[in-house]
Amino acid sequence: MTRALVRPPRKNPILRTRLPMVPPGSRSRVALGLTAAAALGRFELQVCRDCKTVQYPPREACRVCLSPRLDWRPQDGAGELISETTLRHSNELFYRERLPWRLGLVKLDSGPTLVAHLHADCAPAPARVRVTANIDHAGQAALIALPEKDTPHMADDRQLREMTCDPKFRKILITDAKTALGQAMVEAVVGAGADLVWAGYAEPWKKPPGFERLSAYKQVSLVPLDLTDSRAVKSLAGEIGGRVDILINTADHHRNFGIAAREGVEVARAEMDMNYFGLLRLAQEFAPAMRARGADGQSSAVAWVNLLSIFALSNFPPHGTYSASKAAAMSLAQCLRAELAPAGVRVINVFPGPIEDEWNQSLPPPKIAPARLAADIVAALRGGAEDIFPGDIAQDWLARWRDNPKGLERELAAMPR
Amino acid sequence: MSRRAGYDDVVVTVPVTIPYVRYSIHGAHRFIANGLAELLKRSGLDKSRIDGLCVSSFTLAPDTAVGLTQHLGLTLRWLDHIPMGGACGVVALRRAARAVQSGDATAVACIAGDTNHPDSFRLNLATFSQFARDAVYPYGSGGPNASFAFLTSHYMRHYGATREDFGKLCVAQRANALSFPYALMKKPLALEEYMTARAVADPLHLYDCVMPCAGAEAFLVISRAEAESRGLPYARILSTAERHNAFPDDPVQYRGGWALDRDELYGQAGVEPKDVDVVATYDDYPVICMMQIEDLGFCRKGEAPDFVRRNSFTVDGTFPANTSGGQLSVGQAGAAGGFLGLVEVVRQLTGQPLGGAVADARIGLASGFGMINYDRGLCSGAAILGGQGGPA
Amino acid sequence: MSNSLLQLAGDLATGRIRVVDLTQTLSPDFPQIVLPPEMGQAWPFRVEEASRYDARGPGWYWNNFSCSEHTGTHFDAPIHWISGRYLPDNSTDTIPAEHFVAPACVLDCSREAAADADFLLTVEHLRQWERRHGRIPAGSWILMRTDWSKRTDPVAYQNIDETGQHTPGPDTEAVRFLVEDRDVLGFGSEAIGTDAGQAFHLKPPYPCHYYMHGSGRYGLQCLTNLDLLPPTGALVIAAPLKIKEGSGSPLRVLALVPAPEDGSRKKSVAKAKPAKPIKLAKRRARRTRR
């Protein structure tokens, strides 16, 4: 049985920091379908549209009837562990540094046999298991065989922790802790076991309700941070950057204008300065240290979370300039993902639907409550996804966009102002 | 059963081993060239007489067999490149024999050779196959060890094989290797050392795994008439078989293609398992040796552990197997590992062993297995050979 | 050079006339005026480094900066307010340059402001000051000293609660008195805004902006070191950037101040004998040529 995680001892400062290694990350194009599903937190395999055979490893044509019509379909992952081994030796540096490492051979009920990381709580073969797909440190899908039913402290399994970004015992920066979502995020990570939470705030003379309450948590440290001020970002990075394990960028400048509704570029510029350039400033100052600490012990630098918006996917014209700023941030986040990839730091992009706050006041429900959104972000950190779409609206728009992006563009244009 | 043509007029001759070294700064071309040169020297053939070439190598890239024709100055009528790992010896024999038999070529040099640099094993494996890249390497084994560990663990659980059973095969092969001049492992191996050696991937330990090295193996396929006129000792080809991706629906591999082909293999050769005097099993891991013993009809499926306990596998044992030591004791020079067993059987049958001799060896069986594309070896093959004086 | 300018140069060199810097440092930390989120906002001061003896420019250091016309210590031109929008010569590029050098009357409200952040300067306060220091000359700056600039904590400087900002300023009657009865050049304060923080609720809202700019006069905000100035006798140099159609600009505000007779530092200035009011020529008619 997995033991509960223990707070790691303080790091010995005279020892060199272990450099991050990543597992093999090369995949054929067709295998990237597994990664695309895992990015959304799903385990999918190809299913032949003609003979229904489930395929694994991913391939270009059905192994039974040769049909090229293979569709990626969600799998429940139920299967039997038919053999297992524990690696005591590896030529791959990532694994070499993490031996021993348990692997399993699983026969899925749906047919294929697959190799998977094996959770320590899975009984020896033969045993029933549940396979899921997480994004691993190489940014690719990794299959994990879990015990059929959850076990105590399951998330603390040493191997599973290499596929997740669990906040427990980690130090977390939340860039804007003043908004409703920011406050909820502080409380959510404190509740998830974070050791230290830096709660960022700008414009100290503006005190929104609830913000003062955060100082009561012993883990919380209020730090001045204005993402529009390059010197302030640099200064904070100099102070705490070398200790941040998880960075959650909640800073968001949100107004409700398209093009014609507001004269001048000043509002749009403020949105870009915070939502896009703010991310750029943060990334320039904080990413280098996080990149170096990707393998820095049990509480390593492990995730960078960007609060984007479902509007980033397809412009929502009533909030048109805001949508554009979020789309810019999304593109930049992809760049950040590539730059952090060698360190195994996961960039998680969050695309909520309208949040229940003042800037979405005029939008009809359903809207996502800040506490719910914060909980979804913590779940993403604990799980294996990298693109999450919290809330019913986000899920709906995502489905429409994947089905027919031009159709969604028209539907959003037709929505009442 | 289909009536396939025999190999009556075609023989295999001139077994060559280029001495193995652990590491070399030279390319595979060097070892293959050495193999060819030795073939020519021992056969007396001129290089211009060679009109067919069959090559296997993992480290020839970016060249394939074609590049070798210019590299080595060969003008050929027939050329093949066999990328089938441990089955390449048997498959090369099959291809070359049909070429000579049909007249497409008259003298085919079959050569397998590889170099080995300190990092070449890892680099080769990283690009081994698409399925391995997508579905195996990301999980850390960095090679076939994990796949064979699954296989071994499963086999042990289902059929009651123990590590001691595998150890017995390894110990016997080491004993065989002690007299083989080119074996890289030169010290005897006791069972206790086998059992206590460091673990690699449970249940595999150090001596379950081959040692990669550099070297080459080769043989010549010519007409029987030419072999006789040149006075070259030869082995007759009684039958061969080859199978790829057998039993694809087995969730985990516990049998190989030989199970599908063995009846026809023995039928065509006109012999039975009990008639075989010397065996070469493909020994990348001892569990595969057990699978071959079963699937090639020496015992029933699942009974190899018992077979192993009841027999002895040294040159002078009840079931002489891998009489030069096999890859597990000689070393695996890349693709040459797929030739090693066949070359040793030819030596035994032609009375030219470099180490211990199997007494009165008249019928020999060489088996090949290889290409762990994903979770199992896809290729299997076998050849039954006869000594010169045996039944036609 | 005329004699008085030579004299000035000499006095500056010998320290008989001192230069007092009334300007806050422009930095990203300096508080910016807060408007409701629906309004167009004034940019805070921001700096982006272009190079610093590095690959971007090996031998030099320079920055690009951005801010509002109303960031930090700054000048308000009449065009800044709706009441001044149609006046001639009402923007920073058209204001006559001679208006950028003028005497200053400094009204010490530091005790009152310390006691009440919403303190409003009234006509009575002005009359009290005049009884001690003489009639406020036409063409003077009226500088309201509150020592607000000593609030170095930005939160205290802004002093915002749920009902908005609470900073001192003049009431409507005081402003009208200064405009209609004393013909001053403009009004200067230490806090953000020449008007009090709660001036939205006065009638009219923001009376200092309304009447000063509406009559072609000026404002100065976020001043500091007013406690180093005598009640009268200081000459203020306040020249905004010459921005085309500018509503104002950050600027360097300097005061030329006679050194105390006894050579001691500024503290005693406020208690010194009131100096005789300096008679300046009346404000000249506006030029039309620039």
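Labels for the chains are A, B and C, by order of writing; each one numbers its residues from 1.
Assume contacts are C-beta pairs under 8 Å (C-beta built on N, C-alpha and C of every residue); 3 or more make two chains touch, one makes a residue touch a chain.
From a predicted model like this one, the values you see are computed outputs, not experimental measurements.
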Count of contact steps on the shortest path from chain B to chain C: 2
Pair with more cross-chain C-beta pairs in contact, given A-C and A-B: A-B
Identity of the most central chain, Cα criterion: A
Centre-of-Cα separation between chain C and chain B, whole angstrom: 95
Distance between chain centroids, defined by C-alpha means - chain A, chain C (Å): 51
Gap in Å, rounded to a whole number, between the CA centres of chain B and chain A: 49
Sites on chain C at which at least two other chains make contact: none
Of chain A, residues touching chain B in the complex: 23-28, 31, 34, 56-58, 63, 82-92, 94-95, 101, 103, 105, 107, 113-117, 125, 136, 138, 140, 142
Complex interface listing, chain A residues touching chain C: 203-207, 226, 228-232, 255, 264, 266-267, 270
Complex contact set, residues of chain B against chain A: 121-122, 125-126, 130-131, 133-143, 145-147, 149-151, 153-154, 157, 198-204, 248, 251-252, 374-375
Chain A partner contacts - residues on chain C that touch it in the complex: 28-29, 31, 34, 37, 40-41, 44, 46-49, 154-155, 157-161
